[in-house]
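One structure is given here, and the rest of the page talks about it.
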Amino acid sequence: MCRWIAYTGKPIFLDRLVTQPAHSLVKQSLDSKLNITASGKLLTTNGDGFGIGWYGSHDDPGLFKDDLPAWHDENLKHICHQVKSHTFFAHIRATTTGDIQRTNCHPFSYKNWLFQHNDHVTQFESIRRELQLDIEPSLFPELKGTTDSETFFLLALTYGLTERPKEALQRMVKRVLKALRNNDPTGALNLSCALSDGKTLYTLRFSYNEEAMTQFYSTHSHCFGDFEGPDEKMPSESTVVVSEPLDKASEKWTEIPNNTFTTVVKNNVTIEPFLDESEADSV
Amino acid sequence: MCRWIAYTGKPIFLDRLVTQPAHSLVKQSLDSKLNITASGKLLTTNGDGFGIGWYGSHDDPGLFKDDLPAWHDENLKHICHQVKSHTFFAHIRATTTGDIQRTNCHPFSYKNWLFQHNDHVTQFESIRRELQLDIEPSLFPELKGTTDSETFFLLALTYGLTERPKEALQRMVKRVLKALRNNDPTGALNLSCALSDGKTLYTLRFSYNEEAMTQFYSTHSHCFGDFEGPDEKMPSESTVVVSEPLDKASEKWTEIPNNTFTTVVKNNVTIEPFLDESEADSV
Amino acid sequence: MCRWIAYTGKPIFLDRLVTQPAHSLVKQSLDSKLNITASGKLLTTNGDGFGIGWYGSHDDPGLFKDDLPAWHDENLKHICHQVKSHTFFAHIRATTTGDIQRTNCHPFSYKNWLFQHNDHVTQFESIRRELQLDIEPSLFPELKGTTDSETFFLLALTYGLTERPKEALQRMVKRVLKALRNNDPTGALNLSCALSDGKTLYTLRFSYNEEAMTQFYSTHSHCFGDFEGPDEKMPSESTVVVSEPLDKASEKWTEIPNNTFTTVVKNNVTIEPFLDESEADSV
Amino acid sequence: MCRWIAYTGKPIFLDRLVTQPAHSLVKQSLDSKLNITASGKLLTTNGDGFGIGWYGSHDDPGLFKDDLPAWHDENLKHICHQVKSHTFFAHIRATTTGDIQRTNCHPFSYKNWLFQHNDHVTQFESIRRELQLDIEPSLFPELKGTTDSETFFLLALTYGLTERPKEALQRMVKRVLKALRNNDPTGALNLSCALSDGKTLYTLRFSYNEEAMTQFYSTHSHCFGDFEGPDEKMPSESTVVVSEPLDKASEKWTEIPNNTFTTVVKNNVTIEPFLDESEADSV
């Protein structure tokens, strides 16, 4: 259960989204509004580490992560104030189990790819070994932490993420569902993911046996919200996808439906169905 | 704005108070109930570091502090599970300004003394220099961080804390009030402190121009709350003082009145008036 | 490549070994003398985290770890000054690869067992997956970090460490040798381990295809070294095992031969051969 | 006692100096060669935190600091690989006393100014209070840590650093010398500083009662050293100043004389005398 944002379009300074908006990601680290757990409880605090990933002059993205809360981090403020990027991710973590360490912070990277998500999987510890065995052996050394997220990313890479993202995610989700059901037929899987190769932004919203986590996008020039100043507008030909809106004026935000795969290039947003219900049920 | 507990009496493991109770200090780090800011807002998250101080075989207390949130800290769990003490303090920090670093975490120590508090002072930065100049030069090297708390402790030491605790705190409070009023006549000072020399536990509750922060004590054998197991009782001849009760059954807790100085030896609790109103107004 | 100490006998404060001796473990963190790498270089700095594990009133040991250097750590100084134990471990880490995080710091624990070591394995990343697949599935959730050390510990637990420590370590070493040889016939394995269940202290010194890492023990009352003061002596009926002596007077220390398994109860030290050469060669 | 580099000229990625050279700053963090303490001992390890400061699109510099060793820090590697700057500082810290915390890491900043140094002052704790009292009250809230370095920077700002850097540093040095002598007539002061407003780079090398710390500059296109690859050259019209050379070929480096103030614009290096001996002696 975490919060994240993903941006693609004209280069902007990261603080435009990460720290400045009325309900910026950093503000969500202390006071998120839509982070509902499976038991229906609102999780306002996302203080178990944070990370940003951005594309600059190189093909491979930059990464900056720490295991501290985002709300008072001076490094984060400085880097977001100085770094400009056409495509970037930012993530704040909330975990009810698991270790608080940088290697468990999102986004995760592999070559020119970035991956981040918020999710809920019933009893991940019981299926972790089975899923990690399916990771391509040459990718196994990439496994640095203990999160479900990293395992899902490495599984998707195993299944061809860099070539066919949607198909790889479909295989990954079906593989996880299979493990989940063998372990606990009533178990839930709930995923809200963002991925990028530095050119295209992809997102997935999928839930099984549980109400889906929220996911929104906006291409509206005023979606950053109520804060003041000369730079308040989002550039044209740009899109931001978020786990919850960055302002209080949610009419500028479009909710992405559950069980969909979204492809974003500049401000072109294409939303496709992800898995057939029958597919999900038959794995 | 922070939360704390202080215990004195028969030796117990620290986890009996710090992690086990229904509304233990560690649980308060994510979900405190009475941490009301000056603007009337409830501050549920106390995630800006933590610390414990305990008296064991030596005269000088042990200290363990970190700048991480308490809620998932494995070191804290281990140490509180292993360490037994007759008198100990524990503190979780919430700051709206200021650096998150171990030297800013409570409790502070000087020789055999421990000090911790939660407080609110209007515009401390404007009076910090003036107050730090009053610190006895030989104590100045003890200044390691940037908190108001540490400055207040060193001022109280300057004014004779180790000999006459109440008088030293009175002088300290009057000195701070004087600086405060010169700077801003409408400014507020709000203090809830615990101190000990390893034998006696002292607390102060004092507010000026603001509703006082809460402070409670209990000598009740079931004040730890609703948690189960064979060790649920607080030992006889023991007292715990807290910023908010450790259970939901607050009838086992006695609120300590505002503007009082409290002395605790075992389960003998003596509450005295602290400053005359005229004294506070005339500084 | 790390440094460690292990003590068993009459209860002493941890600082007697960890911080006070002339060449204490904390001093070794900046200036170790016998930490020779496979390439023959002296590794003086062991600054990639540290940890202590100790047995107190409970069956399960206490653990305190951090990913910072030990040399200036105030928490470590305080805890070692306050905590008394009959059997304890302390470890400082030096890694040339791998993540610096608390979950990679020694000692590792499982129920009432502690484990720590210094080692060198050629290309561990190439055999990590194979070895981790051999971990008993019910123990797999214990895997929290990415070190070879933790994998070796969980393998030994899989092979019955808690029942027959020597046999379990033999199976573990043979299993690792097999993986190593399949991957690189010229590869080296070099282990210097300490283990305990809180009653008995066991150590292993074993090397293959490489000069063995040093391991010493002492039961001498003056083995702590040259430092002054009334408490300078090690208690009678006690033993300390180290990766390098704690003083400059090494005649008080006995080198433990390579390829041996050592059992220590109080000051009774039993050294047995570990693996037949033919066994090591035939796996 | 620390190590640092400062660069000004054509924009380059920070890793060109911080991580890539044969004897890069990150390599110096484990193995510096010229970091000689007052007692003549070589201090090879600089593991008590690090920091970088760089000028980008804004007037105010970016800052990234951590209290961990630089040698394995993934954030540092990423940021230095992604960030390009025309003028930047990098610093690794070694302290024999004092707290390891981010607020004690260099560089320090004030508005558009950066400051870093390595130094040695005899018994700074004894003169700290006196010097901090001389800080302009409006600058006092900038005091966040406990280092001599930060105090010297704030004193220099008090004395007009942003208007007349050389004069302000002269006043600062004379003020420190005065305090030093009153406290201990045999005391030493040893400073090697770098400052910038984002346009000009200034350095100071000054020692009193002690052999001066080293300081070198180079405008040589091959001064980065022996490492391979297409990008090995330093750009034309650029200068790097260091506490020790970044390669083993020191003929490409010019030692800056003691007791001088250096002004660098692009590759124009002007070295002036700093204090008359009589001035230093008469304060």
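Note that the chains are named A, B, C and D in the order they appear, and that numbering of residues resets to 1 at the start of each chain.
The definition used in the following text is that a contact is a pair of C-beta atoms (placed from the backbone, for glycine too) under 8 Å apart; a residue touches a chain by one contact, two chains touch by 3 or more.
Bear in mind the structure is a predicted one, so any value in this text is a computation, not a measurement.
Asks: Quick check: more C-beta contact pairs at C-D or at A-D?
Replies: It is A-D, judged by the count of C-beta pairs in contact.
Asks: Pick from A-B, B-D or B-C: which pair repeats the contacts of A-C, with over half of them the same residue pairs?
Replies: Most of the A-C contacts reappear at B-D.
Asks: Report the inter-chain centroid distance for chain A and chain D in whole angstrom, where each centroid is the mean of the CA atoms.
Replies: Once rounded, the distance between the two centres reads 40 Å.
Asks: Identify all positions of chain C at which a residue touches two or more other chains, and write them in rising order.
Replies: 74, 99, 102
Asks: So what shape is it, when you link every pair of chains that touch: line, ring, star, complete or other?
Replies: Per interface graph, the chains form a complete graph.
Asks: Quick check on the complex: what are the chain B residues that touch chain C?
Replies: 13, 54, 56-58, 62-66, 74-75, 78-79, 81-84, 102
Asks: For the complex, give me every residue of chain C touching chain D.
Replies: 30, 44-45, 47-48, 67-69, 71-72, 74, 95, 99-100
Asks: Over in the complex, which chain C residues touch chain A? Could you list them?
Replies: 99, 101-103, 125, 128-129, 133, 137, 140-141, 143-144, 146
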